[in-house]
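Take a look at these structures.
What follows is chain A paired twice: with chain B in the first complex and chain C in the second.
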Partner chain A sequence: MLGYIIRRLLIMVLMILLVSTMIFLLFRTMPGDPTASMVDPSIPREARQALLERYGLHESLWTQYAIFMKDLVRLDFGTSYFYNRPVLRVIQDRLPATLILMFTAMLFAYIIGIFGGAWMAWKRGTKLESLGITFSLIFRSAPTFWVGLLVIMFFAVRLGWFPAQGMRSTGYVGNTFREIFLTTDFLRHLVLPAFTAGLYFLATPTLIMRNSMLEVLSEDYIEMAHAKGLRERRVLYRHAARNALLPVVTAGALFIGAAIGGQVLIEVVYSWPGLGREIVQAVTRSDYPLAQGCFIILSTLVMVMNLIADVLYAFLDPRITY
Partner chain B sequence: MSFLDVTDLDITYTVGAGSLKAVDGVSFSLRKGESMGIVGESGCGKTTIAKGLMQLLPKNGAITRGSITLNGRELVGLSKEAVRRLRLKEIAMISQSAMNALNPVYTIGDQLVEGIMAHTSFGNRGAYKRAVEVFEMVGLEEKRMRSFPHQMSGGMKQRAVIAMALSLNPSLIIADEPTTALDVVVQDRILHRIIKIQKEINSSMIFITHDISVVSEICETIVVMYGGKVMEMSPTDTFFRRPFHPYSLGLKNAFPLITEITDELISIPGTPPNLLLELKGCRFNERCPFAQQKCAVELPLFYEPEPGHKVACHFPERVEEFRERSSHRDTWEVVRERLIREYMEKGAVEYA
Partner chain C sequence: MGQMITRIREFMRSGLNPKQGGGSSIRRNSQSFFAVFITSLKSDKLALIGVVLLIFFIFVGIFAEQIAPHGPRDRHYTEDRQIRRLEPPSWEHPFGTTDVGRDIYSQVVLGTRTALIVGFLAALLVTFVGSVVGIISGYFGGVVDTVLMRIVDFFYAIPFIPFVIVLAAVLKPSLWNVILAVSMLSWRTVARIVRSQVLSIAKRPYIKAAKVAGAGHVRIMFKYILPNVIPLVLLEMAFMVNWAITAEASIAFLGFGDPRVTSWGQILHINFVSGYSRAAWWWTIPPGLAIVLLLVSIFFFARSLEAVVDPRLRKR
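Here is the complex of A and B:
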């Protein structure tokens, strides 16, 4: 098991280098010139040249690539053109907010999705089942910014239960992780965006769980569990759901990548200072180092989640050993 | 009143727009400690009876008529909870596909203990102790309690399923083709183990199989089913010496006993009837070499050639003749030719 994880980590490092190369080239082939957005076009040619030299953009692609990779290995993603701060610091500021929002939303979606999907399979062919499918698909198909606005209108404006914007109340200043994230104020701000994102994520685990449950419910060991005189709920959740979980776990790991993309709109609607918003802005500002850094972090995240899913398999299914 | 009484049992499946009576007016009874074999081709309703007794019918199936009484208690129409309490404790099933009857993600021990705990006030430890006891009864070592199903051979899994079924000394065991998936040597050993334990705990058993030679070895009574109906019901020894029903005669040709040396195997031509159609006469009439006009339109009633022996045929007086003729291949060949001819004619009509 440990050997397997180590092997996987080594492969991951190779993958990250490969992905970084692709990301590097991707930004270099994109139209547009970073200086154009940073520097007033009317400045003298010499000043522009000086800027280019300062950021090393006058070098050949190969030299730039070599420098980029050399720094990457030392976990140095460079300095953001826009913020003029090290990329890693910018990401460090933004990533926790995004991750907390995302995992809360996924937790919400997965808990409801797994139990709901299992229950829907049990109620196969009833009105309740089609109601459940429709419900989850509505929020999957509806634009998240629209759902977000409705949620704000209802829970923040009409009922006034939760704040509508931002991550903390105005005037509150926190410096450490604890001061920022472990406060009831933060949690209150988290509720609505997490709820909205959760509704959007809901369809995937629900429908996969339902399908996989339907398959499992026709297995002989389910009949056997009934024949043993177990209670229905026990058969459903202990015997069937446990076996139906595997595909849901896989989908969850793959879903992370899509989730971050899907979350951009929610971060915008709720003015959530997360990474999603930052990426979009970095790309439009041709802020190469920041955009590169964000993408590399995200792809690492997806790989890590995949590894976690694979390790989880071994715990969920004793037939799998590494 | 016997230990188990099944009376006029109908079990119907809803299929698409129509419905199908998989079990049609079946009655039998079973004494305490008696073992009965139900035999017949695939689709004759034998597994449906097993599921009906356990009340494990799929959603589209239901008991539509008749009664099942166990120890004088009516089982049809019991509440879900009452049925749940009966399962495993009173009626235990050794299922058809033991290979897949164990949940792959839990250890065998957990699965046994779980069943025991669902019906007793044993704590975890008491249930474990009981599980080890039944494990020993079926010849599995205690360390196998910690194995997962994929770590065991087919024979071991089968024995684990048997252990599970016997864990609470059920008064009725339903064994639905318990050894079909195993090789012949293991099959034999496991059969004898089941019988031995069944005698030890003095439970009644219904043994469902398509292999009548197995029934001849281990069951006291045999019920021959065809198309959802009982064709013949008899003590096993008389049945194998002198079958009465033409279908039984055909079955016996197809499954000769090892003790009887026959020259050749003769199969019964044709296929079981389509139960979706409305059938009036004897279910076997299409494939019966002795069928007359009457057989297609009138349902034969049981006659009893001797006490405890029932045969559903219109021609009790011609049994000797049937027996004589059924041992010749030609008799059945005629049926085959007739079936082919009918099939061709039907095709011709459809084309025209």
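Here is the complex of A and C:
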């Protein structure tokens, strides 16, 4: 088991280096003058040359790559043109917001999904179940950003229950983690984006739970529990649901990885100051070091989640051997 | 990771069929693919609705220019030469007008074509590349398999939307680049699913018999294995169409789409950027609803296809 984890970790590091190489090449080999997008071509030539040298863009591709990789290992992603701060600092500021939003939404989706899925399996073959499936499919098909727009229109503008954008009210300044994230103001801002993301996530745990439950419910020990005269609810949640949870749990970690894309859209719709919104803005502003850094961090996040999924799977299901 | 993904995929897929095992028809060997499909449609109302809706969307997509009453960028004026700004739905403009007096109904109609083109082309490309890789990987096994599956793993590690954003920044925004970006990251899923299917097929006696009889690798792969994988591939393709349509809408919504092509995502992008997504419901709802309806119809269509593909879902 430990050997497996170490092997996977090594593969992950290799993958991160590969992804970084890919992103490096993407930015350096784009058609036309690659420096044009990094340093404004309209400024005087001497100034431009100075800037190119400052960013090391006058070197050959190989030298640039060597420098890039050396910096990467030291977690130095360069300096953001727009913020004029180290990229790593900007990312550090944005990462907690992204993670908090993501995990809140997952939590919401999982609690409802697990109970809803178990309930749907219990009610299989009825109209209620078809309704449940159809609804989860509709929420799965609806583009997250569109649902976000509708939720804002209804809950924030019409009803005025929750704020529509940002992470805190204007004028509020917090410096420490506690001052920023552990306030009711923050929680109020979190409700709508987490709800929207949760709706989108909902279908996966619900459907997986339902199918997994259907498998478990046909097992002998469930019949045994019935024969003992246990109450239905007890059989459903104490005996069946526990064993049906395995695929749901592992799918979760894997799914978070896949969900990061949707997260970008939600952050944009709600002006949520996270990594996803930052990468969109960085690309629009041609702030390439920042875009590069955000991309590498986001892919690392995906890989870590995939790894957790695999390890959880191997850990929870003794039938799997590696 | 491979077995897990296929397993989850299976779970998700069978989730589509509420009446598991309660499919539809008896298929004798003489019955064609198509005949089974029709019988399954007759017994499953949702699938029927899906197919009808899908045909409707394809019809609108093909005749979009004839159906749309106005150009997507035409500005409309009232009799006293005022721009019709943000008008709610009326007989003249069934979905109302935008902040610069454009007809939203026409834009939505024209967006149908974009969605369908991107959806089908990307899905075609994805399933083609994915199946070829999957068949080669599953058939040859060994080193070939390991190398190809490591490449697949690599593509699983790349977050989709961020990658597309970066690609859009590097390449010029155009419809083809969107299709390219979607395809580049989606073939991996198909490859993996096809591979696991091929692994089991390649062990069957008739494949060994073909080998002994002296058939070449290419012949075995595409003449004897491929036909067995095609139903699964078709089903996967239906899911890929949905995926591609959502992806295109998302890219366009973020503003990285082709600015010259009207699409549902682009309508929502302008709606959001202009700030009127908070008030002009007639502008926000139609394009999103169109996406949902199209995707759900393809889902239900895929579901009826699934009854054809997977005999376990049929009543015996």
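Rule of thumb we're sticking to: the second predicted complex is superposed on the first by the 274 of 322 C-alpha atoms of A that agree within 3 Å, B and C clash if a C-alpha of one lies under 4 Å from a C-alpha of the other, contacts with A are read in each partner's own complex, and residues count from 1 in each chain.
Everything that follows uses one rule, which is that contacts are C-beta pairs under 8 Å (C-beta built on N, C-alpha and C of every residue); 3 or more make two chains touch, one makes a residue touch a chain.
These figures come from a predicted structure and were not determined experimentally.
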item	value
First, second, both or neither for A:Leu202, with chain B first and chain C second	neither
First (chain B), second (chain C), both or neither touched by A:Ala194	neither
Touched partner set for A:Leu230, first chain B, second chain C, both or neither	first
Touching partner for A:Asp220 - first (chain B), second (chain C), both, neither	first
Which of chain B and chain C A:Gly276 touches, first, second, both or neither	second
Larger contact residue set on chain A - chain B or chain C	C
Contacts of A:Leu298 with chain B and chain C, given as first, second, both or neither	second
Partner chain in contact with A:Arg210 - chain B first, chain C second, else both or neither	second
Touching partner for A:His239 - first (chain B), second (chain C), both, neither	first
Touching partner for A:Ile266 - first (chain B), second (chain C), both, neither	neither
Intersection of the chain A residues that touch chain B with those that touch chain C	none
Chain C - residues contacting chain A, complex	1, 4-5, 7-8, 11-12, 14-16, 18-20, 22, 46, 153-154, 156-163, 165-171, 242, 246, 249-250, 253-256, 265, 268, 271-272, 277-279, 281, 284-285, 287-288, 291-292, 295-296, 299
Sites on chain A touched by chain B in the complex	219-221, 223-232, 234, 239, 242-243, 316-319
Touch list for chain B against partner chain A, complex	54, 56, 80, 84-89, 92-93, 95-97, 100-105, 114-115, 118-119, 148, 150, 161, 164
Touching residues on chain A, where the partner in the complex is chain C	11, 15, 18-19, 23, 26-27, 30-31, 37, 124-125, 129-130, 133-134, 137-138, 141-143, 145-147, 149-150, 152-153, 156-157, 164, 204, 207-208, 210-212, 214, 247, 250-251, 254, 257-258, 260-262, 264-265, 268-269, 276, 279-280, 283-284, 286, 291, 294-295, 298-299, 301-303, 306, 309-310, 313
